[in-house]
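Starting off with a structure, shown below.
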């Protein structure tokens, strides 16, 4: 029971999990070139928790045990901000492009600890399970993912009325050890290289479909679980050409549960559509805080990349460029303001933890900002994003001198220039970036859904003032 | 020396000022139908400072004297927030559509007090003048405007090289009483109904054109000053059809200075291009705080108007409507976050006052929000914004019953419905609203200028981190 | 039976029609300042039909009688283009801002002639009525309007289920002379100054609400009809300040039918929801052609206004300006291409007339172009749109010389400059312009409705090609 | 001298050209996995010219010789449209994603034939060279590319003033065989798999830098030429996962000219900045016609992909979906209108060929449409674009049955579904798609440049009409 080291994280991935890609099973996940980059990155960050320089920022003590900041349930403003600072440390070392690093789901378990009382109202065991699960993950410094989406289904029909009843994950029977579940879950980011998976759902289930209303957790090697991956962007990526893909691809996956037995102590919501509908709302504010903090770092680093490249191209002072960079900076500073406001407005949750007050509006802004950054960086860097030479050409005796001489512009060195251009392309043109744009936009549900949530904010005081004006006249 | 009463404000406007509109001189400004509405509104707000309910919010004590909150130079967080609350009181009673109410320029004089040391470096008199002017305005509870723009000029030429050398305001000679100035200033909002005008400029003057580099203040009835107004939207406005135009039109004007003698004690920058260039930057953060606070109220009230009307039309729950309302709410909540962040980050100015920390990014967001609100409200209310019947039809014996019966929809009463529709149209379709949209967008300079300013925010730490990555490798 | 003269049009408006505005009945419509401008404009265009220069363009011969081009049912490409040229003549003289000039509804009666066979399938009388109505209007050179929208109603309920059954226009009983109708119609543009009104509807009626499914025409002075106008923008408009408002305001109105008897020979669809649903689709392509042709002229003239003003302000060559002007020009040229494509693709209608082939896509583009033009002109002209001095100031002895000298910039004369600035403001800032923006956007139904219609275009050939690829492989 | 066969095209690529990628030289271009897909595709299209079904559409006769339609200089409307139909055939088989297929540059040589007289004015040899080059390419049915952009250079300095004088391609000396050129050219799409390259430039050269002002052509194996490629998206692409990348990646490259001798008979502009500035303008309208025709097919096919996928997901009828699909259809139909208008307005060029009249506006629209299609398809397909299972999983015994059963939705078969999802992702999410979006936006210069060109369209007639209004009054 201690803060994890990188090698422990890596070894734990060799647990017999069944991972498939492009019709082939992956023999050894941590060493496979599709995963090695992200695994190494996460491992090095685990190690960083033990460094004298950053350890105190990344780790803390809870109930006498050392844990990662991500798992800490804050009660004071200082503790809350310490959690943000931890996110920044992780994000600054990964360009903010890893959305599902351990910190993200750690926050969800804090949410479960916070929501334990509510879960316990349905059944005291579930409240205890939630508390115990947070403790288990925190003390073992686990790396989790979650899986919320149903796979390809007929959107004109309900969960229980799909042509194939097994399509959507559901309870098929009970055993003394726990319920047996069957069906698919989609887009479990990081699943192949995480320790466990939290399973619940966002789309509502109807009162008459309780079998589809369950929340639980299982390790990735649980019998019956199959993990099917999307394209592994890192697999053939030259680290000099696709530096982010090579190092930071978290990989998304579908999970097929083929009659998996979920231990009772890992069940948090069971055949309870009403409670499941509340579950996500109760725990997600904690992870939103992490997400917005990470995105802020990503925006800052993206602007920095654009800054240096336009400087090196000799047109940093062009008004067109400045206006676009200025829009990016504005989006970033406004997001920072949202985080500050969320911290200032933090309030004690029902369990007495200090909950940041994050308006759905902040999510709307952050998605817009994320979408704009891609387009604006493209407009600023234009065709230089289609990079012909790369730093890997420099050592070739036939063309190295050509690339060295002619691909430098005003950069300090050709290598600097090519590496930064590669970063830029991997941020706004590569497959990795295409997927990341979608991830930022969709990871908490479709953006218009957040607008509808924002529309639900109470405005009755304004309405009353308006009616007063209409009736009592306009005299002040 | 006391908080002003409404009637004192009104009487002070009868000071011999020369105001023209559409080729005719205005005999009595406060009673002219083009001004009476706004004058009455401002007067009633001056009176409100004396009310037991809101007086304590709107007024305070400074150096032992009662003054309006607008003139108070804050030193604590509580004092800063009290200033915001005062803006809200004024704005809530005017739908946030009056951008140049006394509070706005009062903040600028606080800025002058704050900047007095800097001004005094050029000439100790100017520092003293700035302090004295703040005191004069505060203790007399004056209503000021400012005039920053040059009138129609050739944008391809400098200030001193225009075809007509008198076009742009400049010093023509000196007298013992003070410098004599000649030329035009444009878009002095509220000028016909304010007490005095602050004159300075945003566009830079070159080192070799000192005559064009001056900042000063004069009363509106100073000899030689002519005030030429744009269309008076209130002049023929039916208060039931154009309720905002009728009550809140501040009127914009050009000011012609025909050899006006500016008393030395009202000169703040004199023939000093470098200092003038700093002047606006030193004082405008104070008024920005007021502007953003007011705009927040305006957005809230606009959303409220849309809310009630879609509710009464029976489609408040349509997803299309909810998405658009949700965008409006998001823009509003994000602006609120900006203000909160500005307050949290407030820092002591050079003179020891507490200065809100307002990023140019907040201005970029607020302009975008203001532009979007117009369009979104149009999309939500569509053709109902072209209102045929109005509350003024209700008393007509021939059509009153028709309008009463058929123009009600689900509103509590037809009168409520018609009045609120009239408010909506006056917010996004009338000439008043057209001008207001431009005002919000342009009042602090063109939006892209703010983007360029945002681009100037220091990002060297991010640049250093990126260069480190490029050179030292990506290992964490 | 001949081409009309302006004075005949004017006199015909003195027919006892009941027109109300702001709670007052209008005594004499053509001389009332709220209508006189538009009436004079339309009258002068009627007169222009008799001029030697433009008469041959504006008028033609049909069945041996001289008629306006608008009423001519074309059978050849040349005849079709002649109709476009006629629209251009009307629009070029009115800046393209009058959307409901006689030509517009004339095209609808051509559509009724074309659709007569379809109408006759329900009842042969209705087919004959349609043909006779076209002939009646054409030979008398009438100025019509139409009224398609229901007034304020609960959008969550059907037409026949509104709280007040009389709210929505419907048949209340039959008489030997014809059906008796009761209820409101909204946004009958031009109604106070047109000869007759065509009444039908776009929103579908259900099979079980036949009383709400009727199409007919009546003159504006029919007993029982009350016309209630929106604000009359021309009423107090200084023609030097609001030159478009003063001359071109068509005025929108609500029509209240208080048990109006519709003569049987003016009934085109009767208690027939299915047929009514087709009616609009059958006739509106003819008026779309007119609308797009007119809008093209409007866009051209708006760009011209912006061109001259930026030239006179000395920044026509700035890249920012050129990019925005270039966007406006692009939108315009693309609209021109749409019209050309519509003419090239023209095909014989069921009745043998030559019908322009206008994709709903062209409407989507034209609405986007119209929305953009407003914003782009605002961005190009910025605060000069809030015009302080006007040409009406030039004759004032006190300020005339100031305005003359300082409001000229590089324009040929101050008067030119001020008049063109006034045109610009009346195009993108005045109440008139605010209403016009809404008119262009909404006059044929909400823009997203047109997108949905565009989505309905057949694409089965592409689908087949894709399925072939999926199954047969990609070999060419 | 005949229409080429696929195998001849392939063999011709084995000509000793020096092609590098990621620091390694490519041994055999046509068989290398990074090129084989595109080579096979182009070869099969060459073969298709010989088919009985499509041969007559793809080929024609010129001066008695069979040639590809792309090389035919049209003189009649029918001949012009035949060229469009040929583009459609090529594009329909390649999803419209190959922008540099042989047809594209073939049109440029038609432009050179057309411009020969102008080139001959500088030196009669150059006119003859242009005619001979078109004949050479047409009769040998060659596949060309062009290279117009300078590589990384300091944008604040002129071509001749860069730090390294050899950076930008220029003449270093003359020999009897021809001039010797040195320097880099960037983004020669298709260069590794084309026969020859046309070299000229868009950015203007100054009168005093004639060495930088040259246009010429050389084969890809000319001594001294080095080709450096960007990432080869096809190299490791699973054709079931990245079907477009695998088949259609044209590859972009930089070309380094290390003292290449250009034969005099391949020189078209020589040390002539003024003529070079005209060169692009003279020939590019011909290729624009090809580009817009291809893009139309691409848009149609992209919409088709979205259509089928939303149908199979059961939400094709949702209004949100319909509105977005409708926008895509509108953009497409408007582009079609532009092409029709270009054909209708076609006019005889100076050499008597029939030149389509393509406004720069059409390019502005097509770029906007291309940008929107990416975003709208993303909004419609959301997270299904991050595809986990693929058709290549179907044969795996462990997971094939899972994918077969659960990845089908309402598609006719799982294989259909997975393949079409793969196409969709390769259109809007993959690296290939990211580069294609940039290609469409930038391939003819930055979009704002086209807006500036559109701004240059003559509008003097409208200006005259406006001035007439201002001065003569508004009477019609």
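Each chain gets a letter, A, B, C and D, in the order it is written, and its residues are counted from 1.
One rule holds in what follows: a residue touches a chain if its C-beta (ideal position, glycine included) is under 8 Å from a C-beta of that chain, and two chains touch if they have at least 3 such contacts.
In this text, all values refer to a predicted model and were calculated from it rather than measured experimentally.
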**Report entry** Angular offset of subunit B relative to subunit C [C-alpha, multiple of 5 degrees]
**Finding:** 180
Query raised in the report: Quick one: which chain's Cα centre is the longest way from subunit B's?
Result: D
Report summary line: Note: subunit D sits from subunit A at a C-alpha centroid distance in Å of 38
Requested in this report: Could you please state the distance in Å, as a whole number, between where the Cα atoms of subunit B are centred and where those of subunit D are centred?
Outcome: 52
Report summary line: Check: subunit A positions touching at least 2 other chains come out as 319-320, 448
Query - Contact footprint of subunit C on subunit D as seen in their complex - result: 41, 44-45, 47-48, 92-93, 243, 247, 300-301, 303-305, 307-308, 319, 322-327, 329-334, 336-338, 340-342, 344-345, 359-362, 364-365, 412, 415-416, 419-420, 423, 448, 450-455, 457, 459, 462-463, 465-467, 470-471, 474-476
Query raised in the report: What does subunit C use to touch subunit B in their complex?
Result: 18, 20, 22-25, 149, 151-157, 163-164, 166-167, 184, 186-187, 226, 228-231, 235-236, 238, 241-242, 252-254, 256, 258, 313-315, 317-318, 320, 378, 382-390, 392-396, 398-400, 402-403, 405-410, 417, 428-431, 433-435, 437-439, 441-442, 446, 448
